[in-house]
Amino acid sequence: MQVIYSAMALFLLMTLVTGLWRILRGPTPADRMLAAQLFGTTAVASLLLLAQALDRPHLRDVALVFALLATVTAVAFIRRAWTVWEEEQADE
Amino acid sequence: MILQWLFDSLLIIALLWLAWRLLGSADLFKAIVLFIAFGLVMALAWVRLDAPDVALAEAAIGAGLTGALLLSALARLNDLADTTHETHTPSGKK
Amino acid sequence: MRSAGRRWHYLLFRWALMLLLLAVAVGLGYALLSLPQQAVGLSEQVSANMATSGVQNPVTAVLLNFRGYDTLLEMAVLLVALLGVWSLGSAEVHRKIDPEPVLSLLVGGLAPMMILMAGYLLWAGTNTPGGAFQAGSVLAAAGILLLLSSKRFPVRLMGWPLRVVLLLGLGTFAAVGMTLLFVSGGFLQYPSSLAGAFILFIEAAATLSIGVTLAALFLGGRPQAGPYR
Amino acid sequence: MSAVLLYALTGAGLFTLGLYALIIHAHLLRKILAINVMGSGVFLILVALGGRTAGAVPDVVPHAMVITGIVVAVSATALALALVLRVQAATGRAELPEEPLE
């Protein structure tokens, strides 16, 4: 069972690395930001799997903090960076 | 055992590659998003090194605070550049 | 326009820098590889003294008990950083407020959850991973979420109440340390039966201060009343 | 070679990458990012070297120092960003003049 959890965590890490491609490609800031948010979600999932695989129940707390705080970055993006970008697009 | 090695090497490659791309990227916004992703991968590295306390601190600060700080600083920087009519490459444009 | 000579100089500089940094990297790598494969470090001392530390989480024991003065001085560092930011000017106030129903709904649900999470991390930090710094960071995230949602903060909270909370952590820490200096003869030398209570007390004050300091740092200037941009 | 040593070497690599970027980039925000990457490298070395104990339990003293280090790094970043914004407001640009080998 442990091996299956570890293998799944490894698989999630691989999908995470693949997600890097979207951050690098873009093309709009929203694409990059969403890819980073996807990183966060994948990290939550792999933390939960690692908590089972390594038998470290406290990793669930780390996953909970991740899930809660990923929103702050998203809200900062919407309130600060995105409005600026939208205005610039509207200007052209 | 082999899984562990694969996990380690993938994590290390991801860390170094992210650092390389974020420091070399021409677009500041892209660099900041890559830095946020770097923080997330760093938290996984702390878990792997059996330091859950550090992982918690990195998760709270890397996922929440640093991203918000850098994004709002970049937005203010662009605002200031607009008001002083300086030619400045805005984020997200080629 | 850069002349050919200048350009050549620039390339030379780049290559010299790369060689130099390669030497730094190789030196660092060699130093790391030549370290002994196994080292005990301070783990024996930590585990030997865990019984008298008053907590079960070794990291909290190190932070608040064995090396308490480190943490005390770190609170001072946070405060100095905030003083630096405040001395640069006051925070920008947004000209117009646009109500965003989805954002207020989100913040109304999430901010209380974050505050609850901060309390949990603080309480759990005595015997599982967690503690004042993590709890403070989560608290700061709640504060930043509120600041981002353009909530109007009451003017009367921006004056001395804010400053009291900012100083609470450092003040409590120093006051407890000095009291113990006179009572038990050592700075931050807790009596082992009460150590757990002292640590939790200091951590609670430190969490509040760290959270509010980090949120104030996010503001990027001395706070005024009003929604922030 | 053990896994912890591999992480320590990665830390050294991150430190060097950050140092290179810190020197060559003129934009101040990039310099802040570079310093943060250097810091992460140092933290990685500290924690990895703390994991060289014989038993399963790593040395927790470096962990405690890295936690304080992370919080200090974020507050220093906030101060640096405020300074960069002041530089931009005062001079109109957030960059150092790019004139190598004057």
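Every chain is named by a letter (A, B, C and D) in the order it is written, and numbering of its residues begins at 1.
Throughout what follows, contacts are C-beta pairs under 8 Å (C-beta built on N, C-alpha and C of every residue); 3 or more make two chains touch, one makes a residue touch a chain.
Since the model is a prediction, treat every value here as computed from it, not as a measurement.
Chains touching both subunit B and subunit D: C. Ranking every chain by how far its Cα centroid lies from the centroid of subunit C, the top place goes to A. Our note on geometry: subunit A versus subunit B, Cα centroid distance of 11 Å, whole angstroms.
Rounded to whole angstrom units, the spacing between the C-alpha centres of subunit C and subunit D is 16.
Mean C-alpha positions place subunit A and subunit C at a centre distance of 23 Å. Chain centres here are Cα means. That of subunit B falls 19 Å from that of subunit C. Across the assembly, subunit C contributes residues 59, 121, 129-131, 133-134, 137-138, 141, 144, 148, 214, 217-218, 220 that each touch 2 or more other chains. With touch defined as above, residues shared between interfaces to two or more other chains in subunit A number as follows: 58, 61-62, 65, 69, 72, 75-76, 79-80. Residue positions 4, 52-53, 55-57, 60-61, 64-65, 68-69, 72-74, 76 of subunit B each touch two or more of the other chains. Chain contacts here follow an irregular pattern that is not a line, a ring, a star or a complete set. You'll find the chains touch as A-B, A-C, B-C, B-D, C-D.
Partner subunit A is touched in their complex by these residues of subunit B: 3-4, 6-7, 10-11, 13-14, 17-18, 21, 29-30, 33-34, 36-37, 40-41, 43-44, 47, 52, 55-56, 59-60, 63-65, 67-68, 71-72, 74-76, 78-79, 90-94.
Residues 6, 9-10, 12-14, 17-18, 21, 24-25, 28-29, 32-33, 35-43, 46-47, 58-59, 62-63, 67, 70-71, 74, 77-78, 81-82, 84-85, 88-89, 131, 133-134, 136-137, 210, 213-214, 217-218, 220-221 of subunit C are the ones touching subunit D in the complex.
Across the complex, subunit B meets subunit C through its residues 52-53, 55-57, 60-61, 64-65, 68-69, 72-73, 76. Chain contact summary for the complex, subunit B toward subunit D: residues 4-5, 8, 12, 15-16, 19-20, 22-24, 28, 31-32, 35, 38, 42, 45-46, 48-51, 53-54, 57-58, 61, 65-66, 69-70, 73-74, 76-77, 80-81, 84, 86, 88. Across the interface of their complex, subunit A is touched by residues 103, 106-107, 110, 113-114, 117, 121, 124, 128-130, 134, 138, 141, 144-145, 148-150 of subunit C.
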